[in-house]
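In what follows, a single structure is set out as structure tokens and then discussed.
By letter and in written order, the chains are A, B, C and D; residue numbering begins at 1 in each of them.
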Amino acid sequence: MEKVKLTIDDKLIEVEKGTTIHKAAKELGIDIPVLCYMNLEDLGIENKPGGCRICVVEVEGRNNLAPSCSTNVQEGMVVHTHTMRVINARRTVMEFILSDHPKDCLTCAKSGNCELQDMAVKLGVREIPGQEYAEMSEYKMDFSPSIIRDLDKCIMCRRCEMMCNEFQTVGALSAFNRGFESAVGPAFEMDLEYSTCTYCGQCVAVCPTGALTEKDHTRDVINALSDPTKTVVVQTAPAVRAALGEEFGLEAGTSVTGEMVAALRRLGFDHVFDTDFAADLTIMEEGTELLGRLTAHLNGDKDVKLPILTSCCPAWVNFFEHNFPEMKDIPSSARSPQQMFGSIAKTYFADKINVKREDLVVVSIMPCLAKKYEAQRDEFKVDGNPDVDFSISTRELAHLIKAANLDLNTLPKEDFDKPLGESSGAAVIFGVTGGVIEAAVRTAYEIQTSKKLEKIDFEELRGIDGIRKATVDFDGIPINIGIAHGLGNARKMLEDIKAGKSEFHAIEIMACPGGCIGGGGQPIHHGDSSILKARTKAIYAEDAGKPIRKSHENPYIIKLYEEFLGKPMSEKAHHLLHTGYFDKSNKIEIS
Amino acid sequence: MSSIKVKLKEQDLNKIKEICKSFNNEEGELINVLHKTQEHFGYLPAEIQEVVAQELNMSVAKVYGVVTFYSFFTMLPKGKFPISICTGTACYVRGADNVLQEFKRQLGIEVGETSEDGKYSLSCLRCVGACGLAPVVLVGDKTYGRVSAEGVKEILAEYQDK
Amino acid sequence: MTKYKMYLLVCGGTGCRASASDSIVENLKQELETKGLQDEVQVLMTGCFGFCEKGPIVKVQPDNTFYTQVKPEDCAEIIEEHIVKGRKVNRLLYEDPENKKHIEDSKHMNFYKKQIRIALRNCGFIDPENVDEYIARDGYSALGKCLSELTPKDVVDQIKESGLRGRGGGGFPTGLKWEIAAKNEADQKYVVCNADEGDPGAFMDRSILEGDPHAVLEAMAICGYSMGATKGLIYIRAEYPLAIKRLKIALEQAREYGLLGTDILGTGFEFDIEIRYGAGAFVCGEETSLIHSMEGLRGEPTIKPPYPAEKGYLGKPTNVNNVETYANITAIINKGANWFNKIGTEKSKGTKVFALAGKINNVGLIEVPMGTTLREVIFEIGGGIKDGKKFKAVQTGGPSGGCLTEKHLDTPIDFDNLLAAGSMMGSGGMIVMDEDNCMVATAKFYLDFTVEESCGKCSPCRIGNKRLYELLDRITQGKAEMEDLQRLRNMCYVIKDTSLCGLGQTSPNPILSTLDNFWDEYVAHITDHKCPAGQCKDLMKYEVVEENCVGCTACARVCPVGAISGDKKQTHYIDPAICIKCGACEERCKFDAIIVK
Amino acid sequence: MAKIKTLADLKKMKEDLRSKVDLREKADSPESYVQIKVGMATSGIASGAKEIMDFLIEALEKRNIEAVVTQTGDMGYCFAEPTIEVKKPGEEPIVFGYVDTEKADEIIEKYIKLGELVEGIIPVNYQVIDEDK
């Protein structure tokens, strides 16, 4: 690779050709502030519109200032990153941005975690000259079941637009209007509800301000916990425990399962359960379904649909309902772990503790915003009562814990309650890309071959590439497995299936980068992909440390089938644990 | 999240499809498609944009993003007599603003609006290149040169009974 | 072929057509037929003559008679008197504003005396809808010469040697641009003509396309040959229907003759051109925006590098030049780089087309050699200021340029001099202002334009320009303070320093140049709450001068809002709360009884 | 329209089409050509000026003389109609009276081609006197 020598702040450095000034400066330990720029390294996600103009630097011989995030180094370049000209420019530009930004930081969901706020502090902005007569752009608020859009706070960094279009290929968002009136939103500035939005929440995950936030359900949870007539149970998704610690100053990748359980108990939840239990249940159902279709296929049944697609990611379910409705019988009919949990909690468990359905409140803690929408889907309600009453994100849980003056750093480690709190390592890895299919393989292999797995870790299914392929030997039968994370990657796989070019028997799809650990409800990563990698590591470590590593070996799952469901895919299981999908594509009608 | 239903007359739907097809349904031809469509329908309401998006296999948000970026495209129908006031520099220095204000006053509408009876709509455009006639006003295809604020009444009178 | 003895050339530019030049053509033809002269005298609709002030123009050839402000009903007289009887119709002749004499021969008009027409050579001369006329004027011979006598590199070298610089605003050396595009290897390359003239008050590109479309097509083909491109695209404003129509005709005719298409002139060279339509976005004059717009996207600029010459339309090497630049190419090839580089100044070669407009006597389109002074342009060619008022400023370069004053009048016009004077060449709009134009309001006008046209991608342009506009608005309302001027200046510098594309990098120029040249006027608005030019309405008050008012009620009758009261033969009164400051009363009063304070 | 297949074809075509714009081109810089003005007032037409004009245009072209023939109003020499004014490049104009086709032919052959004087010249000072009246 060709090298380029340049000087930054009087320091000489040699970097690869094609490096940006910002990156070269970083290597020298010089921190040039950036706002719109975002790079999730190794995930192929980069936002580089060069729009905010905060990262400008002085380059000798150039008339104007150069945006360091998007200006490549050149041989002999002399760069000054913090001259008075630069400092004045950054501050003035920041004043411009803030002059068109609401000042309601007190009640903003992003307060304290806002990149714009941090930048204002960093650049020392203390007043906004001319604010008293500065016109501010105004848009209507959008309250969807999962995401709240307050475009008054949009600074046109375009990160959400890039995630929605390039990474997810959902296309719900686009920049609209021009100049001062421009912002990013759905077509016709309608609410997300009327768009192709999947509620994956990746727009929220990357938004540097409070323009895109989750719909907050903490008030509902507080109300439920305060109501003496209600029995409140909580379930926590696998990815939450690997990230929650970040909100309490712990290093990324610190698993806080025990402390989290302790905190939930102190918050007053009557039963602290684990979504992982339902993940094991999912494997039983989905794995059985996979084997059923596979066996039929191997026996020459031409009508059987293969590959089977996982269905535990609700954003992914929304995605194919919108974009590939003609393929809605291909994904597994198994409900997601959140919904399986809710269903079992409000039947099996409610019966067990003798509480009426309507007096049992199920709260889920999810790394995800699409789960909020999923919990509200009509098919997951019985007489209007939802199986899962409220779904709150990892971030919302952190707020609740903090509000209760609890600190994960000092809480003891405690165990989940039984019976819906026991889980296998296979369930834990649901939180990362490739995890669901690995969990399924662990179980399906042993059921299909009646042999014990010698090596439980399937390294070939792990990794961070957007699309991965592996062939697992089922005792002589090669099973082709595909894995995609990111809906753009999923789209490619679906197009292949549609075109009859897919060689896979089973495909796992997760909407978010890295799987659930990178979900839209997780602590904000602020563009640091090492955080996602650390979370992944924590998940695999948790799996490795579990005494039970395979779903079908979870004793409480076995018991659930014995006592209640019968066997996987039984009629009862079908009724409680499976679902169907809908065509949500836009229709043009003739009037 | 319910699916969106767009209602259009069959012949309109077919017309849009025909226009898209004439550009090979290529996404890159979006602006040309929008030009042709607006030429035919006079404006680009949401329904039309939905169909165009579907035909060109692209997101309707993007179509909307493009429609709202370019001032030539409009989502509102124009009046029977669209009035455009040139606000190019040459017209400006010769008093186009006074003319514009007078039109606004007489019609009781703002720029970009259409009068309640659908008769007039008001818009500004940047230089029609008839700078020798500044200030210039267009009503439909007809050009009025050297218009003064006092002359506005006269121009409108021409269309009173049409 | 009929051998005509005389020609009646009727201007078919947008301005003249707006004044019924279509019916003039019709009537002239009809009159000729009545007299049985249709085989001796030909009526042609040509491109713009440039003298838009007095349009519609009818020029009689070969005697160069220049009839101005011709009405369709004048046609019979022209035929009867001039053609049949050989007597010029004096009342339609151009009158010299100085000695009030009719000028019989257009060559003696000051307007044309100092002009050298290269880019406009065929405008107002040939019928743009007839390729034969273009060919008769050496059309396509430059392309023929390139294809059969010159290598692509020779062509690039010729253009480099000519010293031609881009006429779209930046003034980048055209030859260099072609060279870079030629050097970047690719399976497909594109030649793009930027005809999205967005500068309000500039219409040279439109006039060229309307008057001489083949010149642009031929030049694009030459460019394609030089860089190895087979596809050309013309990005033209949809608001230019006439130019589009003539371009389409020209393309069709060129294709029929095989001057576009495959195996051009038997040389194996292939080149064809498509038309793409702009949709009203000034920022699309910026080449990266233009390319995105052609790709069907929002016309937002992207950071350069990569330049279009490396990665342009559909990611392929693309050369973008504007119309006027292309219009110079064939002359350079035909007459040689050395002929061209002898015209003009040291660093700016050739001529430049300007659209003269504003408070000037001869509004129109002119082409002068680089190095002509502003004084020559405004006072000789332009005929001075309208109504004998005092020259105040000339704005060049449109929304990216600045206002130049008296002290700049003797500056020879070229790219570098205008830049040094705090303005820029831009596309060639030249708006002349007199004592009645307020310079703060002028700056505000331009900022209003920039705010409207900013794409919104980068924050300094999106928000900063809005803040500049707001502050200027405060000044024109008398609500600003002196410290605000310091802040205004700082905002200007930062916006220039940090904006992504040329739009924002130059948008503060109208403010900075007026701050430099008309500081006192800003101060007067702020400290005295007065607009010296009497333009800023918020600072104006119409009052009745008691001793002059005779109570004729004329003012009260003309007032559109009923702000004037007073009985007949009594002194009238203007209610300042109702008055909208339209000035109608002042104009109507015959007794100088209404004054502006 | 047939395709133009070679550069030579284009050049030939250009030559053929030249006459289309020839007159206009010359009018742009008439000082470099022979300029002939034919007096064509009411009396001019009656006295055959139009015929002379047609003849001159054709005759000059036949002889490959680059000239611009224009018409003008009454020259003020009513007694000598039809009249023509001939101005050779760089020379003073000369007015001829009683011009018929024969005379016109002679003017071309002798005066324009060879520079010899031809009978029938109306003295320029006549014009001066005329104007004084």
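In this text, a residue touches a chain if its C-beta (ideal position, glycine included) is under 8 Å from a C-beta of that chain, and two chains touch if they have at least 3 such contacts.
Everything quoted here is computed from the prediction, not taken from an experiment.
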Central chain of the complex, centres being mean CA coordinates: B
Gap in Å, rounded to a whole number, between the CA centres of chain B and chain A: 43
Chain C and chain D, separation of their C-alpha mean positions in angstrom: 39
Euclidean distance of C-alpha centroids - chain B vs chain D, Å: 55
Length of the line joining the C-alpha centres of chain B and chain C, rounded to whole Å: 24
Multi-chain contact sites of chain C, meaning residues that touch two or more partners: 281, 298, 455
Chain B, residues touching no fewer than two other chains: 65, 69, 71
For chain D, residues contacting two or more additional chains: none
Set of all touching chain pairs, with the criterion as stated earlier: A-B, A-C, B-C, C-D
List of chain C residues in touch with chain B within their complex: 13-15, 18-19, 52-55, 198-203, 206-207, 238-240, 276-282, 293-299, 314, 355, 357-359, 363-364, 395, 398, 429, 431-433, 437, 442, 445-446, 449, 455, 558, 560, 580, 582-584, 587
Contact set on chain B toward chain A in their complex: 1-10, 13, 46, 49-51, 53-54, 58-65, 68-69, 71
In the complex with chain D, residue positions of chain C that touch it: 1, 3-7, 9, 61-64, 84-88, 125-126, 132-133, 135-141, 144-145, 147-148, 253, 256-259, 265-266
Chain C-touching residues of chain D, taken from the complex the two chains share: 1-7, 9-11, 13-14, 17-28, 30, 38-42, 44-45, 49, 53-54, 57, 61, 68-74
Chain A to chain B touching residues, read off their complex: 165, 170-178, 185-188, 193-197, 318, 373, 583-591
